[in-house]
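By letter and in written order, the chains are A, B, C and D; residue numbering begins at 1 in each of them.
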Amino acid sequence: MHRMTYAEAARLAVAEAMRADPRVWCLGEDLGRGGVFKQYAGLVEEFGPDRISDAPISEAAIMGAAFGAAMVGTRPLVEMRFSDFALCATDELVNQIAKARFMFGGQSRAPLVIRKPLGMWRSSAAQHSQSLESWYVHVPGLVVCCPATPQDNYAMMHAAIACDDPVVYLEHKDLWALEGEVDRGEAFAFGKARRRHAGDDVTIVSWSNTANLAVEAAEMLAAEGLGAEVLDLRSLWPWDKAAVLESVGRSGRLLVAHEAVQVGGFGAEVLASIAETLPVKARRLGAPRALIAYAPNLEDQLRVTAPMIAAAAAALAKDEP
Amino acid sequence: MHRMTYAEAARLAVAEAMRADPRVWCLGEDLGRGGVFKQYAGLVEEFGPDRISDAPISEAAIMGAAFGAAMVGTRPLVEMRFSDFALCATDELVNQIAKARFMFGGQSRAPLVIRKPLGMWRSSAAQHSQSLESWYVHVPGLVVCCPATPQDNYAMMHAAIACDDPVVYLEHKDLWALEGEVDRGEAFAFGKARRRHAGDDVTIVSWSNTANLAVEAAEMLAAEGLGAEVLDLRSLWPWDKAAVLESVGRSGRLLVAHEAVQVGGFGAEVLASIAETLPVKARRLGAPRALIAYAPNLEDQLRVTAPMIAAAAAALAKDEP
Amino acid sequence: MTEGNYDQARGRALLTMMERIRAFEQQAELAALRDKLVLGAIHLSIGQEAVAAGVMTHLTAADYLLSTHRGHGHCLAKGAAPDSMMKELLGRQGGNCGGKGGSMHIADFDVGMLGANGVVGANITIAAGAAHGIKLLGGDEIVVCFFGDGAANRGPFLEGLNWAGVFDLPILFVCEDNRYSATTFTSAMTAGKGAAERARALGLATSEVDGNDADAVADSAGEIVSRIRATRAPAFLLARTYRQKGHTHADPAGYRPAGEADAMIAGDDPIARLRERLVAAGLAESELQAIRAAALAEMSAALDSARAAPWPPDDSVFDDVQDIGSPAKGAAY
Amino acid sequence: MTEGNYDQARGRALLTMMERIRAFEQQAELAALRDKLVLGAIHLSIGQEAVAAGVMTHLTAADYLLSTHRGHGHCLAKGAAPDSMMKELLGRQGGNCGGKGGSMHIADFDVGMLGANGVVGANITIAAGAAHGIKLLGGDEIVVCFFGDGAANRGPFLEGLNWAGVFDLPILFVCEDNRYSATTFTSAMTAGKGAAERARALGLATSEVDGNDADAVADSAGEIVSRIRATRAPAFLLARTYRQKGHTHADPAGYRPAGEADAMIAGDDPIARLRERLVAAGLAESELQAIRAAALAEMSAALDSARAAPWPPDDSVFDDVQDIGSPAKGAAY
């Protein structure tokens, strides 16, 4: 076990993967100086500027070129800096990368990891704060990861780099400095949720930073004598429907909590899938369909917090309206 | 009442709006020759090449320039040709157009209509067949329209052009030639569903081409003595939750059917919203999370058809698993 | 290239490929318009065969090609088998992509053809990346990327050419200027002198050629390709040609100036021009006829076998989506 | 412009604006680093003031400006009030955008400032569209669009400049070449001769100027702007300058070559250069001091009033999202 931050955990996984496989390389703006969040600090010194490659401010070319390089046998890790900027490369990701293997009848693979830091981060305003994970889950061909802890950012990064499918890898900008223990021996399997807190009264499903808030909420509820089970989905496609069904089978109550806008968020998919399968009292807790503002008090209006999660879960557990 | 096609209905609305308001203009590739689906046939002859403007193959510039032109007082109607190509302008739509009014504290408006023909259209394959309406519903700042009939393509186009918000206007490519009666006096109100078929045994919610298939399905069910109510949402944001709740309150059963990939589709939002509010037996019917192929038999594997809708609705109504 | 030392063998080879491309597309057009066997849109390169033949004659199967929606000729010239191509156009089993892609996504990785593309200009950054991958892997292959005059107005043109220049990659960009972007005159929607001038400003070694003169294309492509093999640096070639047909097989192209197409077909058809030159160089009319007859025979056989081929298995639509979380056959999950 | 007939009044006006821009940004930097009152990132244009002042001096409030993430100077030079700008940087009530946008989305439509932008290069196509709108409405305003050297590597640079050329629009594109794209040397990621050469290839009337010489900028911008007003045709101006600070206020910029910044600050600071020229032209040191003191007083007062301003009302986050289907306060719907 080693103690490290969320950023360091991913950096360690990237470095190990690059040592093990010379075909793995990283490309993105400013990587040679460690990247905008220092997720790449020290890597150019070890691997050199060809494998830790700077890029022009050309998101479309970064994404498109990585795809071309993947088709000829390299394994690129693409850095999009802010997931918001990745919207400049949507055609490349959705029309090209996600579809190539299928359109070409299986002649090609696109083994890419596309890192897109998402989420609210103190006063970054509307163009630097979005959480669009539900978009990518809706696109066949893509795998979607949302690590919430250093352990998962280590193990999931290794799994993403080893995967032959394009993996949209969504780290949360507010977690870079989060510290935790990392067991390098623990492997990650796509589609396996992690039970972050056990309980039989209500099931809370979440991912990314909100999963950490859900654990806080479960601890608050435990103090009140309410047993909340927190399932951190970790990967949204594939996602662990079986684990959620098993838990809801016990609790009969489901709360899905996430930072993204609630309308059309991935919480709708989770809730709908479960409600189609078994009778359940279910609620979602996501952001209003509003835009993220710069002023901290306005930003806070749109946050899903631990107390809000605890209150919503308690209301479900106590059969309050 | 006038009989016309879905394409003619929208063209008539555009022509009437352009006659009434000199600030309204259209821009997109090949519009001077009527547009790729002839939705603009005859308009350049009446309004000239400045108001029915050709464009370079520059989706990002078409979208961005339309936004700039809107901010200084014109009312552009943007033609994206295929909704798939609009992905080349995602930053312009999602980061700029949808957010400008809010980011600038209400100093600006973006009165734009963005036409993005969507959907499967005989053997157009993976890059020319997508239905991504759920993406746009998830983006605050946007209004989302999915007309299914000539009447609605006429009235909704008028409403979209008159709206001061950016409206993502998603016509279905398979409906251009659909004929129907158009009452030019009938106005459209955003967020008002149309009851296309009445019934108390099961509620079928749909939109776009699938709403037409749902009406066929309801007629099949009526023959079997089952009463299916078909609600065509018409606009997905805002959407008519009240009408769905009222109908499900009677039927107790909800089927949401759409052409898009089921995972992360807008059907999840509808089902989740209703299941959060009242107890209901609910199912979704959407496409598998797979890619759209060229060969017709492969394409057909992914289609939601009227018989499939009828079967799913009947199973719900008869309480079959 | 003076008539004096005319390379007859190369000329014959170029003509053979061009006749095969044209015959393939004429058969494809019949399959679409007459037989209604091609359900999607096909974009014919009839009139542009000299560019594909003249460039690709300098490539090996190890080199890579990125193509466009108008890619039949590129694909054939790179070495793909017409039989599996025609099956793909008809969406049949045995097609290069198993019937999943059709004309606009045709690909044959066995001969280095990494795909046509349904999105104009999207292949430019992908091609730059393929060359980037070659450089990282230390390979000695090169990449050729084709696109049209209209693609020079899309952002990826700037981003992809800049990328190739910045990372100094072994790639040849070939812009086929056929004057049209669908129903629009590209010149009316293009500021400045166009694609070649833009490529020069992006620092690429840039040449221009009469794209309807197969020998001229082969000569300049030959020089450029050997320079790229030697220096591993990018280059750009603008080939002026003409789209003799409509934008798609279904487009009557009534928007073209009266007589323009007739004049080009009568006076500047690349196949007719090459045949004349070969006759002048002493090739027998009979041999020219034989080349054409062989091409026609080959391609009508391809259409016959495609016509006879079965549809792909229904369940194959669920294959090759992805390894992780791939759709269960017949289920939404 | 020879010293002989030096226009002292214009020089004084330019200096006044430049001192105001610098004082504003120095106060903003203090508010961010010392007082921790600016929570988001701010991008300082210290060292680049001559470009904003020299160009904007030729515009009226009716003309339009599209700016970048590094837009404080542009915004002030276009006529925005420092008081409401500083409040916006601090996210307070009374800010230009009601605290919703912050530094990167600052806008003041009353003076034709249509917004900074958080996405590099995105303002280029928007600006072209604003000029397109003016043309359609028959107005006589013009548009000025600022962006950095790094933005010339994004697709919208090609698409937006091409658009302005094709539709022949009244717009001036100003590229502020400060050598850096965040922590990267732009030259290392740019093929060919850069932005000006690309603009020429796109057919735009293109000029280059020493962006640290306020009079030179004002002279060439003056010519260009009057030409645009007369001909309604687009133009491009490349201004060479230097980013004296880090990419953001929080960036120590340790990646810069040793001594580079010191040398530029000591030898090529636009304010110092203009002050020297004004002294040579006979302006009294005392007057220069007075100009600087006034700027400092104005901007520290702006910071004081921003510091004292309240937060925006919590519920205002639900306003101005959209008219149709706007969020109910406090609810997910």
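In this section, a residue touches a chain if its C-beta (ideal position, glycine included) is under 8 Å from a C-beta of that chain, and two chains touch if they have at least 3 such contacts.
Small disclaimer: the values here were computed from a predicted structure and weren't measured.
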item	value
Length of the shortest touching-chain route, chain B through to chain D	1
Far-end chain from chain B, centres as C-alpha averages	D
Centre distance in Å when chain A and chain C are each reduced to the mean of their C-alpha atoms	40
Centroid spacing, where centroids are CA-atom means, of chain C and chain D in whole angstrom	45
Length of the line joining the C-alpha centres of chain B and chain C, rounded to whole Å	36
Centroid spacing, where centroids are CA-atom means, of chain A and chain B in whole angstrom	30
Two or more partner chains touched - positions in chain D	97, 99-101, 105, 117-119, 153-156, 159, 162-163, 166, 188-190, 321, 325, 327, 333
Sequence positions of chain B contacting 2 or more other chains	56, 58, 60, 84-85, 88, 91, 95, 102-103, 125-127, 140-141, 237, 263, 284, 289-291, 293
Graph class of chain-chain contacts, one of line, ring, star, complete, other	complete
Chain A residues touching chain C - in the complex, by the definition given at the top	23, 25, 50-51, 53, 56, 58, 60-61, 63-74, 91-92, 95-96, 100-108, 140-143, 163-166, 190-191, 237-238, 241
Residues on chain C engaged by chain A in the complex (per definition of touch)	64, 66, 95-101, 105, 107-109, 114-115, 117-119, 122, 124-134, 136-137, 139, 155-156, 159-160, 162-163, 166-167, 319-325, 327, 333
For the chain B and chain A complex, residues of the former touching the latter	84-85, 87-88, 90-91, 94-95, 98-99, 102-103, 125-127, 132, 134-135, 137-141, 237, 260-261, 263-269, 271-273, 275-276, 279, 282-284, 289-291, 293
Contacting residues of chain C [partner chain D, same complex]	153-159, 161-162, 164-166, 188-193, 197-198, 200-204
Chain D to chain A touching residues, read off their complex	39-41, 88, 91-92, 97, 99-102, 104-105, 117-121, 150-151, 153-155, 181-184, 188-190, 255, 311-312, 314-318, 321, 325, 327-328, 330-333
